[in-house]
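Note sheet for the following structure.
Order of writing sets the labels: A, B, C, D, E and F. Residues in every chain begin at 1.
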Amino acid sequence: MSEEAMTRFPVPDTDDLPDDLRQRIDEETERAGFTPNVFEAYAYKPSHFRAFFAYYDALVDDTPLAREEVEMIVVATSGANDCLYCVVAHGALCRIYADAPKLADQLATNHRAADVSTEHRAMLDFAVKLTESPEAVTEEDVAALRDAGFSQEEIWDIGSVAAFFNLSNRMAVLADMRPNDEFYTLGRDA
Amino acid sequence: MSEEAMTRFPVPDTDDLPDDLRQRIDEETERAGFTPNVFEAYAYKPSHFRAFFAYYDALVDDTPLAREEVEMIVVATSGANDCLYCVVAHGALCRIYADAPKLADQLATNHRAADVSTEHRAMLDFAVKLTESPEAVTEEDVAALRDAGFSQEEIWDIGSVAAFFNLSNRMAVLADMRPNDEFYTLGRDA
Amino acid sequence: MSEEAMTRFPVPDTDDLPDDLRQRIDEETERAGFTPNVFEAYAYKPSHFRAFFAYYDALVDDTPLAREEVEMIVVATSGANDCLYCVVAHGALCRIYADAPKLADQLATNHRAADVSTEHRAMLDFAVKLTESPEAVTEEDVAALRDAGFSQEEIWDIGSVAAFFNLSNRMAVLADMRPNDEFYTLGRDA
Amino acid sequence: MSEEAMTRFPVPDTDDLPDDLRQRIDEETERAGFTPNVFEAYAYKPSHFRAFFAYYDALVDDTPLAREEVEMIVVATSGANDCLYCVVAHGALCRIYADAPKLADQLATNHRAADVSTEHRAMLDFAVKLTESPEAVTEEDVAALRDAGFSQEEIWDIGSVAAFFNLSNRMAVLADMRPNDEFYTLGRDA
Amino acid sequence: MSEEAMTRFPVPDTDDLPDDLRQRIDEETERAGFTPNVFEAYAYKPSHFRAFFAYYDALVDDTPLAREEVEMIVVATSGANDCLYCVVAHGALCRIYADAPKLADQLATNHRAADVSTEHRAMLDFAVKLTESPEAVTEEDVAALRDAGFSQEEIWDIGSVAAFFNLSNRMAVLADMRPNDEFYTLGRDA
Amino acid sequence: MSEEAMTRFPVPDTDDLPDDLRQRIDEETERAGFTPNVFEAYAYKPSHFRAFFAYYDALVDDTPLAREEVEMIVVATSGANDCLYCVVAHGALCRIYADAPKLADQLATNHRAADVSTEHRAMLDFAVKLTESPEAVTEEDVAALRDAGFSQEEIWDIGSVAAFFNLSNRMAVLADMRPNDEFYTLGRDA
């Protein structure tokens, strides 16, 4: 039996939710085969649910970044913030989209020890610096992304994914969101 | 003459924007008497613009927190992250909504030195800890908010405002967003 | 195909090793079904190999702590130090000895978010503080372990396991030891 | 009168110790003219005593590093970890082996202010970084040692000494080991 | 009505002060149009008052640095230390001497986001590093000032201003000195 | 032969100094039997020399604190800032005034491991917190000093000594001041 979606706020009954939330949750459940707990947790506040997932959808749908690149940034950022829910849930997505069963554990532990290309290392260095020391990010850091071959829009998006998960990680900590059991093992087969 | 909205990405011409963005920018310009640069900057990527401001609207419109409380959290969080745009722009909003011309400078510099009530001090301690050490936030920190009299939804919202500005601060740093000249002085008269 | 045992120093051919090292490696290989890379890596310097594993053997064999407790401390310590090899290899051992397929990912990410008893939380708080801020450990921290019910020898051993992996994590980083593929998945089935 | 060897665990009576421990303690006492407290302290747990000193012996006996280099690394590492026992006891050894009465105080306070060669500065920079930020040590740091002229085995040993004293410093803190009075003054005459 | 000069120590009645203190306070009051609270606060201990302001006078009067440069260093240093009194009081002086109404808010929040010349950026980088990580300041950092064109005496003075405000910031925190209301708004008109 | 007084600025010839500086240096030389390098170094800028030593004189002469208490604060503060000159020079003064040959090494390494009374531990905890995290010092910290029995003026002076050495440590680092050889050994005999 899986854990509750979160421990610090009540999880609303899906039947009581506004139609658009219920529909999104149904779609996610159908796609994954289970309901990722972040949807149940965010349903506590429907206006936040809508905005949060609209932003997330934009990050993964409207971007020149490959989906695996998005998930790599998510896992490295969430590892830097020690966020259990995001490390485990997006660890699964990272393994699946990158078709790389070891990558998420490497990125969550220390992106410097991960088996990634030089370009992706630059991308992750930037995301982790923006996470840990935003005040120290300067033109030089942005130039390093350009030098690694990223376009202007890719740079905006790399920063945006890292920034968004600095929100997401803190919401997961606030609510003590618990990863679904399924996420711990998904995508671990080579 | 005010500075450009941001230095690291091109600011699109308002005329070229989708209708909903142009309409929102027009409304904001009418309300403020000038166009806050964050709107011009975020217009670089319309899908992000929509999600970002939908989230922001939910935070300030759909909450039992007073607007001045929201702005106090924003300024303390942005001060902790050393984010120029958010400190200056929301410093103005904080002064105006709290009708307190010295409050924003106090919160941006060090919330522990600000003239605030015991309850607001607890609220700000939580927001700053969630900002600086999210990994160390535990049940005890949440209990301190409850002890200070905040309701469950207020606690969700205090955390949400801090979390959202951890996104916002990083986007402002990424793009090097520049505060409008007006924000530096708005609300400084007692 | 698994990665090399480490990238920064040459891995000696097992046939060229002193008898006692070869015998130990054979035993470990038989037990695990594969040769954990830390043995191949430490064989670079036989005198260090002997001392390192003698210490490790004492920590797991000569202690009132349960083996699962030892591995919990190892994973939390290694997570705090962002050490890939130890997180992945001892993550597997932690899952197996604790018969808890989710525990290692929780401890490696953030021990405060792990499903553990109050006593184990105290044990892990101590290990992580000794890891991150040894200079700040005082009598109060030791008293908290006593209050949680740990005996004098258990306290010595909790500290010793954490201290030893502060050595081990740094050797793995120095040599860039790579976890065997097997460790990523071992013990993940409930 | 010298202080007790440690304050948090009982120091066993030497007569009750296993022969090999008693013999080692006798040898150390004869060599130094007094019994260094680390031996009395570690005798609390004979299996750890044996492994700890076997590792230490390997570090100082089986290495191309000069003994004074080993002690320089020990003092800089222990200073970075604010470890009283190791700073004072190995400070004495550092003064003696390097025949440099001011060196240990310089290294313990700030290795950047010490009178050392460029090569030794590189060695100490590496040891202190491995101590303070192991997660950030990368190929570049190892290359800096190579550029300074250190051989592969010397690099392994520089890292090993620093890593071992990250164990040792934490054991001394755990047990509150107290330096013998003699160590404070040994080797201070030019 | 302005706040008390400080909350943690009694502010002496000006009439009871030694003549030289009363005279200095009168001069400052005449110059500013109000009595800056730091004078009232430091009057708690006349011997410290005399030494503190003698040092301050030397820093601003006996230096090849422009007064606006001194105040820029003061504000960046005080921002790095989160010191309310110094950020607000010297923020006013910075705006006035640099004739730059936005500069102080920029420097107090994050000197990297301030509109300053390359030379002043180097000056502020040095001051902030000397403030936050004095142990890590090395010859390279001093050389960067030389490369930016600062003379030997200017380098001494840049460091001295930063060092002095590391004293001043801590005294303001100790006493909880409160900025006069006037400082919040002085010099904000373009 | 002792080292130069400092490496980054020229040390003026004593004969060329203003009379008051020369007289002070003569007095210090007579008292100590050698010229402490801080006097030679500060003579680089006579106006700073006068103010610096006037402040220092006030701290040690006009205070209810015992001189040994002043020196204990100096050494703990300078140890926290890793300042070689102040640790070594004031370490000697601390040993002499406290008549405690081991105390300075303990305080410089880690004041938590020093043999001091509960009251002095509270005093040093405050000084080190004011040094390392001035922004986090609050009423509670000041209350802890009061609870330990310190008077209002003693609290001002404890903070003042720590604050002044936050200036002094940074000047010593800036100039790379070198401790006189004599300071390393003075006061080490029981």
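Quick notes
One rule holds in what follows: a contact is a pair of C-beta atoms (placed from the backbone, for glycine too) under 8 Å apart; a residue touches a chain by one contact, two chains touch by 3 or more.
Just so it is clear, the model here is predicted, and its values are computed rather than measured.
The fewest steps needed to get from chain A to chain F, moving only between touching chains, is 2.
Chain pairs D-E and B-E differ in how many C-beta pairs they share in contact, with the greater number at B-E.
At the far end from chain E, in terms of centres built from Cα atoms, lies C. The greatest centre-to-centre distance from chain D, using averaged C-alpha positions, is reached by B.
Centre to centre, using the average C-alpha position, chain A and chain D are separated by 43 Å.
With each centre defined as the average position of its C-alpha atoms, the distance from chain C to chain E rounds to 50 Å. Note: centroid distance chain C to chain D, computed from Cα atoms, is 23 Å. Contact with two or more other chains is made by residues 82-83, 110, 135, 173, 176 of chain D. Of all possible chain pairings, those that touch are A-B, A-C, A-D, A-E, B-C, B-E, B-F, C-D, C-F, D-E, D-F, E-F. Those residues of chain E that touch chain A in the shared complex are 110, 112. Those residues of chain F that touch chain E in the shared complex are 8-10, 44-45, 47-48, 50-52, 54-55, 57-59, 61-62, 81-83, 130-131, 134-135, 137, 139, 142, 152-153, 155-156, 159-160, 162-164, 166-171, 173-176. Residues of chain D touching chain F in their complex: 3, 79, 82-84, 87-88, 91, 101-102, 105-106, 108-110, 113, 115, 173, 176, 179, 181, 184-185, 188-190.
Within the complex, the chain F residues that touch chain B are 135-136, 138.
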